[in-house]
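Should a chain be cited, it is by its letter among A, B, C, D and E, assigned in written order, with residues numbered from 1 in that chain.
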Amino acid sequence: MNSEHLLLLSIAAPLVVALAIALGLPKRFSVKLAYLGFGVPALIALYLWSQYGAAPQSDGYAFRTAYDTGLRSFGIQLSLGLNGISLPLYVMAGVVGLAAGLYAIQSSAERLKAYLMLLLIMQGGLMGVFASIDIFFFYFFHELALIPTFIMVGIWGGRDRSYAAMKMTIYLTLGAMLSLIGLIALYVKSPAQTFDLIELRKALAAAPLSAVVQNNIFGLLMFGFGILVSLWPLHTWAPLGYGAAPSSAAMLHAGVLKKFGLYGLIQIALPLLPLGAGHWSGILTVLAIGNVLIIGFVTIAQRDLKQMIGYSSVMHMGYAFLGIASLSNVGIGGVVLMMVAHGLSVALLFLLSTSVYHRTQTFDMSEMGGLAMKAPVLAALFVAGTMASIGLPGLANFWGELVIFIALWKISWLVTACAIAGVIISAIYGLRATANIFFGQPSEEFARTAEKTPVSDLRWSERIPAMLLLAGLLAVGFWPRTFSTSLNETISAVYQPAEVPASSVALK
Amino acid sequence: MTVGLNEYLALSSALFAIGFFGVLLRKNTLVIYMCLELMLIASTLALVAFSRFNGTVDGNVFVFFILTVAAAEVAVGLAIIVALFRKRQTVQVEELNALKN
Amino acid sequence: MADTLFYLFAALTVFSALAVVFTRNAVAAALCFFISLCTTGVLFVMLDAYLLAFLLVLVYAGAVVALFLFIIMLLDMQGGNRRPFKLGSSIASAIAGVLLLVGVGSFYAHGKVAAAAPALIDGSFNTDLKIYGAKLFTTYLLPVQVVGFLLLIAMLGVIVLSKRFEGLEDIK
Amino acid sequence: MNPDLVKAFSLAAEQNRWAAILPEVVLGCLALMLLVLEIVLPKRDQKIIPIFAIFGQIVVLAGMIFTYRSDFIGDDSLFGGMVRQTAESQFMRIFFVIASILVSILGVIALAKQRMPKIEFFHIVIVVTGAMMLLVQSNHFVLFFVALETLTVGLYILVSYVRTNPLSLEAGLKYLISGALSSAILLFGIVLLYGVAGKSQIDSMNFGQLHTFLAANPGNFLASVGVAFVLCGVAFKVGAVPFQIWIPDVYQGASTPITALLAVSSKAAGVSVLLLLARTVFEPYSGFVIPLLSVLTAATIIFGNVAALGQQNVKRLIGLSGVSHAGYLMLGVIASFTQPQAINAIHFYLFVYLLASFAVFGVMVHVAGVDDADQQLDHYGDLARERPFLGGVLAIGLGSLAGIPPLAGFIGKLLVFVAVYKAGLNALLFIAIAGVVVSIYYYFGWIKAAFFPVWQVPVTEGEPETRPARTPVAAPMGVLLGAIALASIVLGFYQAPITAWLAALH
Amino acid sequence: MSSVQLALLVFLLPLGSATLIALFLRRQGGLASLISVAACAGLAVAALMLSFGGHRFAVSMPWLQVGDFTLSIGIKFDDLAALMLAIVAVVGLCVHVFSLGYMHEDGARARYFGGLSIFMFSMVGIVFADNLFMMFLFWELVGFSSYTLINHYLQRRQAADAAKKAFITNRVGDWGFLLGIIWCYHALGTVNLTEIANHAHGAGAVIAAGIPLLLFCGAVGKSAQMPLQVWLPDAMEGPTPVSALIHAATMVAAGIYMLCRIEPLFAAADPVAFNVVMWIGTITAIYAALCAIVQNDIKKILAYSTLSQLGYMVAAFGLGELSGHHEGKTVVIAAGVGAAMFHLTTHAFFKALMFLGSGSVIHGMHHEQNIFKMGGLASKMFITFVTFSVGVLAIIGFPFLAGFFSKDAILYLALEKNTAVFAILAFTAVLTALYMVRLWRIVFFGQGQSDEANHAHESGASMLVPLIVLAVLSVAGGYVAIYRGAFDGVWSQIPHPPEEKHMTILLISIAVMLIGAVIGFVFYKPSGSDRLQRNVPGAFGALSALKESFDAIYNAYVTKIQQRFAMLLNGIDQIVVSGLIVRGLAGFVGLIGMGARALHVGSLHSYVYWFLIGVLLVWGFASGIF
């Protein structure tokens, strides 16, 4: 099979379907096409994954293609390809997208067509983010995926949707803009005058930027991406937004889109701006510890299930930032693993939280209880999701966290200790939530609700996407080498030892 | 001859400033409009003076256009003012502030 | 002689312009405007722009001021509702006036141009009617055409804004 | 006959090559023909006149695109040096015609709600468009001034066109006074430049010769003041702070198509002229022009965005957001002093701005009621549910205006910002970025009003519905709006059509 | 089959069974239980073949490679692992079989047996682990299986709370464990157990005491040592066979197993490491024994007893190495390891036996667990009574039963190394005899104290066979000879008192056993209530308070400190970060917006001033003022 245009196809398929829906396709066909729109990228992602090892590579990227969009004179072209860092995320995006899509298709959302259309646009953008070699398009696809989120939160959101959508929009736009300036600065300051990552890498390897420039650009990227990834204390949009977002949007955003910032730091900022990274790593470490510990405790205090998952996702991003701040190959590998795992697990939890909501009619965990008796499969999957998110071995998250912890020792034992303490915290809130929702006797409120609307177990339409995500978690959890081998090759190629200086961390 | 280009320029700028001041000061739309015309005349005067002292005739030709344009402007402007007066029964600018904020 | 005349008419122009600004009566303002135009016309003559002086008086003083007066009368606001000056706005006006005065002063002080008026030479620089004609119909032909359109739309505009149309109930 | 005169006439006949401005000539004829038709045709058949006007302009547009001639570009002697065509001006001419067509189409819809004479509207729009086309290719202050005044006077009339509405007239008056004031300042500037530069028998109102003079005499006080005053006049057209203050009032009072004309064509004309003057003619005085423009730009971006926050009237909102767009464009102009690629960026920006603006105006014209000045955000409640098509177009238009990827507006902003960054204007860039972030707030507020089912207080029994009835979308208009929206999307992904076109204009 | 294949079979059989059950057999409880038991039987057979077949090997393969970090999955199958594997296999099989009967009525049997299979898989993983990371991995997994099995009775709030508590408490221990592993990784450059041992045995190796102590944190959590012991009594909410397998015989012993695995680290580190371990074990032993006296839930008594015995083992380990003379040479034996593992082995048998016996009792009593509601069961449940009695005798150290030998070894070691510890441990032995006899008397003798007791019935064969098997092992398990030399690597480390001390130790141990047993037998008569509570309420209250105090502290921590701290941070997050800063900024911008809007006053006059300002501005620039 000719895989030359597959990457483009994986981006275009959802977008084309979205366009078709926008142009007024009847609902029946819309839904059928939507299966295609979500299925094709997932299948392509899996296929490319299977082919990755055998595929010829150039400059560390496989499946490279480039298309001119008319901006070549500005150093911009749609250049696609996958390397060991982007491959896992690309596959993850495909899988989570499929799960979110399936969940959305079966949900009885009002104005389903519009909902699917926006979700498809998001999916197209997500595939594009991780398939782009050109950093302009990398950014572009991110925004493409981001915008539907706002709209979906605003229209289909829950409590406080209007405020949440607005806040998300402002925040994320600010973050995106900061990072955009950073990217433009890279483009302008680099001798290559191009947005092509490979060219940039070569050019900057030959003639690195001065320390001051690196520090400034890295600062921009760090805070810009930091907002997008909810770095403490710039995180407040996240729980609010996720609390309000409809499930599929939350799945895609928290699961996949949010990884954009980390991915950008790993793929762009760290290799190109090693001095800047060294300069900022101390501050990043402190903020990330804030993510882990402060937000960890804040998560414990949550009563709203979705908000809790939102906060927990913010907290876990702290690990990822720590991994980046460690400035080591090990840490970066850990972050990539963590991103994949977190994407799958948080998507699973968001999905299931909505399923819980459908049965209890509330997100308030203190008004639930005993759901496991009525919905054992839901309970089992939710426990699995929780266990994944608190880093149980056998599920993907464990590897990422473990590897990051190992890398952290290089910063300081104290940081490591704080980070590992986060594992206790996440166990506390995760298990407390599970116990409150599923175990024990039903609360009065829930008993009343259950009388009115009989509680059934997970339907197949909910089960399949959940199983899909869980399968991903288990696959990576049991066999991390599926990704780690290629990941390792890329990391060691991209981060030559000389490029990562000894960290100048203040915490020592 | 002591009166040179500078004196004409001074006069012209003074007229211009007076016109501007009138626009600032007056509340009656019609008078404001007259003051605007005064500013145009100030420019015209400077133009003619420059033209004379520079010895190029283009300035004088330009005055033709300015006068024509000014006349057209006056016609349109007065039509607007009259139409507005019919609606609002006033030409005082401070009373014509329905569009704000 | 010429100097005296200049200063005389310059003073007249300035005073009448000031009168336009400061007189409360709109009719008086229009008349002062008329005087100011006429004296400007005289200055034009002193600058050898006879045709322009003539046009100025004819078009401006004759047509425009007449139009103004006519409208003032039509709207019947002579001596119209006069309001006491507000403190705030009068302070603002005073400041603005001072600033403008400073502007004119600095303009005069800095903007010295040393130039003697060249003699009128037949052919190359002249204020003959013929020269205007030739210029207007050769070099400036395009602007003339444009001005034609300008006048046309101005006319149409006045019609649209003023004509009584059937079914337009606005004219009471 | 005087042999000199004969010579002059024959020279003029040689130089006045009307073919170079054929589109303008045709437009003028078209405008006249409309009047003729009005007289000739019986009343009931006059409905076709607007259609005739639109098709006539489309023919002109098609002619300009398909029989494009670049052989006049750079010819300094056209019309005795009055006209000088450049690739930029060629682009702007086409731009104005497109805008004019769209304005005419909006005019058909908007005027249908009013009982006003209709033909004159199209006539004036076409004449104004012609004037703008001449303005951007003028190479001489006389033509410049005359074209500018034609444009301005035409707009006075158009703004106050709906005279049944006192607000329209008030807007007209405000535009009239501020416009005349700015014209007077501009004229004084021109006069000063003419006077300073005209000593040596050169035609100092010709841009080329003026530039030569300025280059030879840097730091001349009167010339500086002249330059500054001319820039004041241009800034008024662009809508730069502090010459922007009239914008919301006038935009609100004018009928929607005219608001579009002001917001798109007039602003674009201002930017184009600013580019022409500041970058080429006044280039020797860039020592103070650049700081001046920088200050104005910063103030413009900040003011436009901040003032638009919390604005409830959408026409004022779009006006103030237009102010900020003027700021971004001026940013590009400043960058173009050192980065020539900024010019292409500006043109790209203008084009996507045109698309996005007309998408929004197209929706506005359908949502607006009889009282054109009263268009509140509340009127957009539930638009997406009741009229998903309009809602979608509105979202795309606003998104593009806000510069949200993947829409074309983002690419426009990006190209400008890249140029700005390359030019080293970091402080301005930061202001611009902050402005973009703030702008999301109000654009999003609009989308929110149209999409999110939160706002509308239900109308209680007996109270009249405060929201004006929405005009149904006619099929051709639907196609047009859809095409505009689609173009806004496609250009976000695939910019080659515009970049290739811009490249081909040379 | 080669050794590795056998090992893989041991490894993967339970995993396969668990997967099968989870995926397909959710509703087929019967089939699920059969598959699980079959898998466990297969596992046991293969495991015993491995252990006794002389297979000793080490294999390893890299599992995850990131940067220069490699995590391997490997098997280090030495005598220690073989012993542990044999225990796990035998007890596991017994419990599986027992569960067939015990859980027969349970609706969620499939989940239960799936959980057991997962547990077997994870436990085998710990046993096999050849490096600390791998051990940690399975360490977490046994925690998870423990969590699900404690939580088996979903509808019981206490079960959920207990499961949660177990998991979180273990996590606290794991915090130190993981930190220790990472430290070890960075300090020694390896986490492979063999390499660690080599490294530590290397000349002049100095190892920071922090490493072994942090690693010990893991054992503190998993083996429920002070101060993380709180979860284990609560974990009795799970089904009784689970308590037998996980919370008595195997998982909780994994902490001791892990310590024995890393003994070289302790040996090479500062003695403080050993001392800390020793004291924690000792304190746990005495504390738990004291608590056990006042319990009246049969499983809770056994649970505290387990705690106490685990404390014994930990203390034994902490007593450290012993140098002796052998054939004229000075040899150092890891006496702590030997004693601890020996006691671990015997304890696994007799404690599993007792738990299963109590399970049988509970089953017969229709899930009544209060010993004061029982009584007179000896006749009604004879086989259970007999086997349970064997267990009791074994634990109190009745001569020539399994517990006697292992306890002797520990006491001897303590006597050699630290008299204070010896005294405490001896006193603990008294207490052990006391509370065990109390339990035994009250449950099995006298009159039935309730209807259930009167109608109690003997359990079925599937439950009795495991009891008998374990009873046999409880008798014979103390004789090293029966292992046919398979575990000599471990047994050779058991300290044996030299002849001159042999008698002392023997006497002391018999004495303490007798004192405790006699007091218990005399003091406690079969009755419906606790005699200590009736007669000496002060002492009873003090002992109860001892037990309650820890729970109270933990509850106070959770509700008063942790929750309030969380609420406080949440408030700060909401108010300061989100409210004040973010909303404040938005409000500020909005205010400016309103101000800017207010500039459009609508009057032309003010607009003309703008123009004036503009003109002045450009004038200023033009004339060079700005």
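The rule we apply is simple: contacts are C-beta pairs under 8 Å (C-beta built on N, C-alpha and C of every residue); 3 or more make two chains touch, one makes a residue touch a chain.
All of these numbers come straight from a predicted model, not from anything done at the bench.
Looking at chain D and chain E, the chains that touch each of them are A, B, C. Interface comparison, C-E versus A-E: the higher number of contacting C-beta pairs is recorded for A-E.
Farthest from chain E in terms of Cα centroid separation is C. Annotation: 64 Å between the Cα-based centres of chain A and chain B.
A straight line joining the Cα centres of chain A and chain D is 42 Å long.
In whole angstrom, the spacing between the mean C-alpha positions of chain A and chain C is 69. Taking each chain's centre as the average of its CA atoms, chain B and chain D sit 26 Å apart. Across the assembly, chain B contributes 5, 9, 16, 19-20, 23-24, 27, 32-33, 49, 51, 53-56, 58, 61, 65, 69, 72-73, 76, 80-81, 83, 87, 96-101 as residues in contact with two or more other chains. Listed for chain C are residues 92, 96, 100, 103, 107, 110-111, 113, 115, 140, 143, 147, 150, 154, 157, 161, 170, each touching two or more other chains. Multi-chain contact residues of chain D (touching two or more other chains): 142, 146, 149, 153, 156-157, 160, 163, 173-174, 177, 181, 185, 195, 199, 201, 221, 225, 248-249, 316, 441. All chain pairs that touch, listed by label, are A-D, A-E, B-C, B-D, B-E, C-D, C-E, D-E. Listed in rising order, the residues of chain E touching chain C in the complex are 605, 609, 612, 616, 619, 623. Contact residues on chain B toward chain E in their complex (touch as defined above): 20, 23-24, 27, 32, 93-94, 96-101. Residues of chain B that touch chain C in their complex: 1-11, 13-22, 24-28, 30-31, 33-35, 37-38, 41, 44-45, 48-49, 51-58, 60-61, 63-65, 67-76, 78-83, 85-87, 90-92.
Residues 26, 63-69, 71, 108, 111, 133, 136-138, 140-141, 144, 147-148, 151, 154-157, 159-161, 163-164, 167-168, 171-172, 174-175, 178-179, 182-183, 185-186, 562-563, 565-567, 569-570, 573, 577-578, 581-582, 586 of chain E are the ones touching chain A in the complex.
Chain C meets chain E in the complex at residues 89, 92, 96, 99-100, 103, 106, 110.
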